[in-house]
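Presented sequentially are two complexes of chain A, the first with chain B as partner and the second with chain C.
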Partner chain A sequence: MPPNAPAKQSASLDVAVLVSIGRHPLTARARRADQDARAVEMALTLENASVRLLHAGQHESEQEEALRGYLGMGIDHIGLIEQSENADVIPALVEALRHDAPQLILTGSRAETGEASGLLPYQLAEALGWPIITSLAAVEKVEQGTAVVLQALPRGKRRRLRIRLPAIATIDTSAPAARQSAFGPARRGELALSEAQSETDETLASWQFHPARKRPKRLKIVKSSSARDRFKAAAAKADGGGGQTLNDVTPEQGAEAIFKLLKEEGVLR
Partner chain B sequence: MLDILLPILLFSALALAAIGAVRRARLWRQGRPSSVPVLKGLMQVPRRYLVDLHHVVERDKYISHTHVATAGGFVLAALLAIIVHGVGLDSAILAWVLLAATTSMFIGSILVAKRRSPPPSRLSKGPWMRLPKSLMAFSIGMFVITLPTAGILPDGVFQEGLGWIAALVLAAIIVWGLGEMFFGMTWGGPMKHAFAGALHLAYHRRPERFSDKTGGEHRSTGLKALKLNDDSAKLGVEKPADFTWNQLLGFDACVQCGRCEAACPAFAAGQPLNPKKLIQDMVVGMAGGSDANYAGSPYPGKPVGEHQGDPFGPIVAREGTALVDPETLWSCTTCRACVEECPMMIEHVDAIVDMRRFLTLEHGNTPNKGAEVLDNLIATDNPGGFDPDSRLHWAADLNLPLMADKKEADVLLWLGDGVFDMRNQRTLRAFISVLRAAGVDFAVLGNEERDSGDVARRLGDEATFQTLARRNIQTMSRYRFDRIVTCDPHSFHVLKNEYGELGTAEAPSSYHVQHHSTFISELVSANKLSFKAWKGGSVTYHDPCYLGRYNGEYEAPRDVLKALGIEIKEMARSGYRSRCCGGGGGAPITDIPGKQRIPDMRMEDVRETGADLVAVGCPQCTAMLEGVVEPRAGIKDIAELVADALIIDTAADKAAQAKADPAPALEETS
Partner chain C sequence: MSDILRRDPRKEWIARNRLHPQHQSVIAELGGGARPTEWMGPNGVMRRDPRAVGFIGPNGVRRIDRSGAQQAAQAPAHSAAAKDTRQNVTIDAPAFIVAVVPDMAGGRLSAHDRDLLGLARQLADADPASPGAVLAVVFGEHKESAFGEAGIDRLLHLDGERFSGYLPELKVATLQSVERELAPRFWLLPDSALGGGELGRRLAARLGERPAAQVWQVEASNDSATGWRATARAGAGRHDVHRELPRVVLALAECADPISETRHAADPIALGQGLPDVLGRIEDLGEVAVDPASVSLAEAEFILSAGNGVKDWDGYHHAADVLGATKGASRVAVDDGYMPRDRQVGATGTWVSARVYVAIGISGAIQHLQGIQSCDKVVAVNLDEGCDMAKRADLTVIGDASAVLAALVARVEQYRAEQQENRDAA
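What follows is the complex of A and B.
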């Protein structure tokens, strides 16, 4: 028996990656979304995983070109659930995922187009009743229905977690960068179309959209005369310093702490 | 005895050679099809050999004389030997000619032997070391055996007493000679270069490179477009058999003289590339086997014998080793020094780009910053990922005329991606002041301009190149202009030589393109510019590869410098032998490590001339050479030198000065 045979048997971790249409920040050209592409990269580097890509949206030339960016990473086909333009894609995705029943769902933490609220993974998790982990940095081990993963925390910290599968994990820029998308496979890959009922997103329809303004940066006022102090201030970690870690608190206490902070910062009045 | 033995030996050697030829041809035919004019090609071999190929060989006088004596003697001797000894035509005149031919060949073989004692490092050893001896064996054997026929020795001298022993020895020598010269020619011996070389000349994939009786320029340097319309086709070259058959034939013609190796900047820098070894690896791949028998300089840092391949196996493995490592292919700066030097007219750069196309378009494996640069080109039309709407920010104060407003102009000024580079912006400013001083009617495309696609194409991303090129062609088709002038030799080359294939009926894409040095040279000839006397120090000139070797423009930049009153201190490697700055072919992007940097070597060439300043004509060269640490010579673009020396004396200027200053004197305008 070849040495890798047992690994093959316990193989086939079924991974679904939800991909969206990206948008280049300068030119607004459609492209593969950066975080979603990192999610695909993560899935492709998982050992013995069967990877499936899923997108819910329209099937038009611009979207197709962006989706082909994912195919170029060496994917044979992407499942494309056709939805109308104003549709809320969550019901369609939930139905498809219930049907496919993957063990792990990976996706970027926030889309580059549309609402881009970053809420989709949470809503999916809620609808499916699965746990969700954010800022996945690496999957270390998958065995017997659980996965040992590294979660990225601010300032390069990592937290090792053991999660029960099936689960949803979101990926941001702390995960490894996506591989190059090659033209040949991108062109040859297929979009596997499937139809689903489009539920119009009523709330979205009532919203008004306008281009985002650059958020003002908080000024860092350095009151010092010596070059050494200015250098220290410039090289210092960009933090408020007034943070506080709460451990083993009840949800009420946690909510109260957050509420207090928001008041202090003037977000809530 | 020899009367009977000799025809048998001759004809069996010929028969074996014929079998070998068929086998060899079948190796070549493993490649992709490529249609060639079969008979017409063969008819052109003598001219292509005697004129074009000899023109290259002649750069080394010693070897060209050697080759004329040896090859000329051999061809004549072989033909006459078949007539005199094979067919048995007993003619004293022919025998005397045969004696003369073998003598010539013998003298040639002594010269070959002399050059190989000891052999310079660029020459291959191994079987090549026995070649001079084999040449001598053939010539001596044929000479002695012809003596009786010529009447110098009595007939029957080899049939009595000691003659028998002499005949045996002679037969052995002739078997050796025939074995190398006839049998070895088609069975993979060193003489293979003659057989494959002749056919390579006949069926070269760039027939435009060869001269004809009408004269004119014969240069073919533009890469050939890859057809992207077939969805199922594999893009680029994965396996040796993915080359066209005449490319394989070309590889087989290599004579392992190592001129490419001596000229290659990557090899000199200790990067893992040796053009000669690369071509030999392709031959190994075509025939199947390992590179262990290769007897020349290896790729720096890569021992011989660890790589193997076969015609239908991958050249570059995704993981592990196959025939060639990817670093080898990505070390090339596409400077074409190897192609320029190759006496067999092999197209190394085409082969390298073909293989890069596969790595980028199918594997998605462009090393280092390659992927990022290509993504930027796709998303922002420039390699740096800058906002395409900020293309003209550097020229906010120049009030540049836009094509979008003017619709037509004499000169379309192609700015290139140098607009995002602060160093190149100085060159562009200088050139624009020259244009204004000469009163040239010009306009720029501004934000409508895109990267020319040069870098994308040389990194193997043919798809992005074609997209960029088609969009540029579309843009330019909306405007009317007589010519395109650019300060960037890479854009110049691509616009001039590589856009032509991509035009359509509505948007034709054959342009009259000029490098700024050519254009300034024309302005100077037309007396449109006047210069102050040159007061700086000594100057040398660095020929950009894409201007010189790619487009044959060696004179115009030198004429401009001469017009400025500069006497050029030429570097040892200048003109068609100019050494690359290391900035072409995406090499700074893929950035394969070596023992030293190519621009450092080039600045060392500059230092040897003692020049204080090196004049350049290319943004890449400027960037690469200026990256060399001080102390070193200063670096200035030709446009800057011209702008510094300009005397601007338009009527308007004079009037303005007369008003301001009662005693008008010409101000320094620098």
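What follows is the complex of A and C.
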């Protein structure tokens, strides 16, 4: 057990983490998915929580190596629902989650392979009839069937939400980074296999996947009737210009000008 | 005064006849003191005096400025200046509706929203015989005044107390009732972190549609059921998916060009039935004040950055704490050991995107200026007014860094005290 893992004497919160197979952005090797690993990390740091991991997919050597990355974080076993390739995993997951009935489901906000539309948690929430929140940054407390959580907003801001359990929460890169995966526990951990019927995703099969093309850069189009304006726009140096310079002022006057600008921009709280 | 241009043919005749005894006075009268360079001839042809064009430059050579700036100074008042040539478009009986839910970050249409509206217009105007209407659904208060210029035909504005705060469930239920009432052919939402991506996925799950996420290109195609084909990013940006355009589309920025040629009506509409009642299972407890030091430099909103000109480091750290700013540094300050390496701004450090960037004693090496390219407002405090940072900055204060910082801290503390007094009095 990792040194900072809390003691699990009286588990009161039942947490399920949905994990997927990630892909390394440079080497393209299968690995634990970054956001899912952060979800596991968050589940492991929750107080009085019993954590269980769930994956729906194939059971082959490459996938198993990637899943062992999660086991190395100090997990005993991962529930693996076997599905065929190109299967729609949502029905199988819904069935498993209905049966297990966890109080909180954590998962990454977007997969690293396949369609990666980030829609799965929303469809699970719709199918289960549970509320869903995005960009979970921290769980502050759990009491009386509700959880008070912090949601990450752009620019490092946080919003406090109270959410009724059971609920689904997605985790993106604003959550704390995942701990390292240790080799020994990763070897010792087990995959608990279970069978489920696979439904082939027909729609996905009709799409064509290509390597990502570089997006064309948008051209700066100057709409002007006069050639001089167009030339000036094309030859203009990209400097700010038009800035105000305060010369020969006392520090108080300068500070007043800066203060006015900060207040106009609304950055002073 | 009347706008009707009254012509005096006799005076025009005198103005053309340079030998007439009253020529000079009439010219002065017609041209408002200066000689007219252009006038309407008797046959309706514009006449020009080539000698009156231009001005005498500093070395005695006549210069002609063809930008129009010279002539504009002499232009008579009745010539309409820079007429708006955009065409007004009204669609009374649309064949179908394309619904757009813009983010409205800061209460205004963002560049991403405008691109999305451009895409909506592309979808709506594909068949000129039966044009569709673009409907924008706007939640909460806004400050936008140019909805029509962005290409919106119908505007559904939902505000009031009910729509303030974080209410994803209520918003989805409202969009669902829009779906029931107006049945849009397409739903377009921005795939952004500001709420559009989340709301779009919630809506798609509720409507039972499979959306296309991260769409960056939409083209017309005959062999798809909707008549359109979409290209979307997939698999953490490693792949592109070519697929039929579904009903719900989550598009990336720059998915289409924003509207600039036409102006639309932006007629306000209301929902026929009342708004749905939703049992909220998510309660918004408000935003939390975060420690600015914990915010990563790349996404900080307000950065106080220090360079070689800072001598009083304690004063600088105190100022950052008082202002509530995230601390940054130039490479010199980091190399000299005054600031940690992870606070370095610039090409070799962090590329920042702050809204307000205050540079204290930073002269602005090109690597540093690259790092602050995407900042909105830059304030510089420096001793040298010719430095590159002063050229980039929106406001430059020439003076000693520590004195200005100390004065700024005093000013902000005074402001805070005033605010506290007002709060106590209220």
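Heads up, the rule we're going with is that the second predicted complex is superposed on the first by the 202 of 269 C-alpha atoms of A that agree within 3 Å, B and C clash if a C-alpha of one lies under 4 Å from a C-alpha of the other, contacts with A are read in each partner's own complex, and residues count from 1 in each chain.
The rule we apply is simple: a contact is a pair of C-beta atoms (placed from the backbone, for glycine too) under 8 Å apart; a residue touches a chain by one contact, two chains touch by 3 or more.
Only a predicted model underlies this, so the values are computations on that prediction, with no experimental measurement involved.
In the superposition on chain A, A:K214 makes contact with neither chain B nor chain C. By the touch criterion defined above, A:I163 lies against chain C but remains apart from chain B after alignment on the C-alpha atoms of chain A. With both structures placed on the common chain, the touch criterion links A:E265 to chain C but leaves chain B unconnected. Chain A is touched at more residues by one of its partners, and among chain B and chain C that partner is C. Looking at the shared chain after the overlay, A:T245 reaches chain C, while chain B stays out of its contact range.
In the superposition on chain A, A:T134 makes contact with chain C only, not with chain B. In the overlay built on the shared chain, the residue A:H99 is in contact with neither chain B nor chain C. Looking at the complex, you find that chain A touches chain B at residues 24, 26-27, 29, 31, 72-74, 179-185, 187-188.
Residues 23, 25, 28, 110-119, 122-123, 125-126, 131-135, 148, 150-151, 153-164, 167, 203, 206-213, 215, 218, 223, 226, 228-229, 239-252, 254-259, 261-263, 265, 267-269 of chain A are the ones that touch chain C when the two sit in their complex.
Considering their complex, residues 231-232, 234-235, 360-366, 370-371, 374-375, 378-381, 385-388, 461, 463-464 of chain B touch chain A. Against chain A, in their complex, chain C makes its touches with residues 66-68, 166, 169, 193-194, 197-198, 201-202, 204-206, 210-214, 216, 233-244, 250, 254, 257, 260, 281-290, 294-296, 299-302, 323-325, 355-356, 358, 376-379, 381, 385, 390-400, 403-404, 406-408, 410-412, 415.
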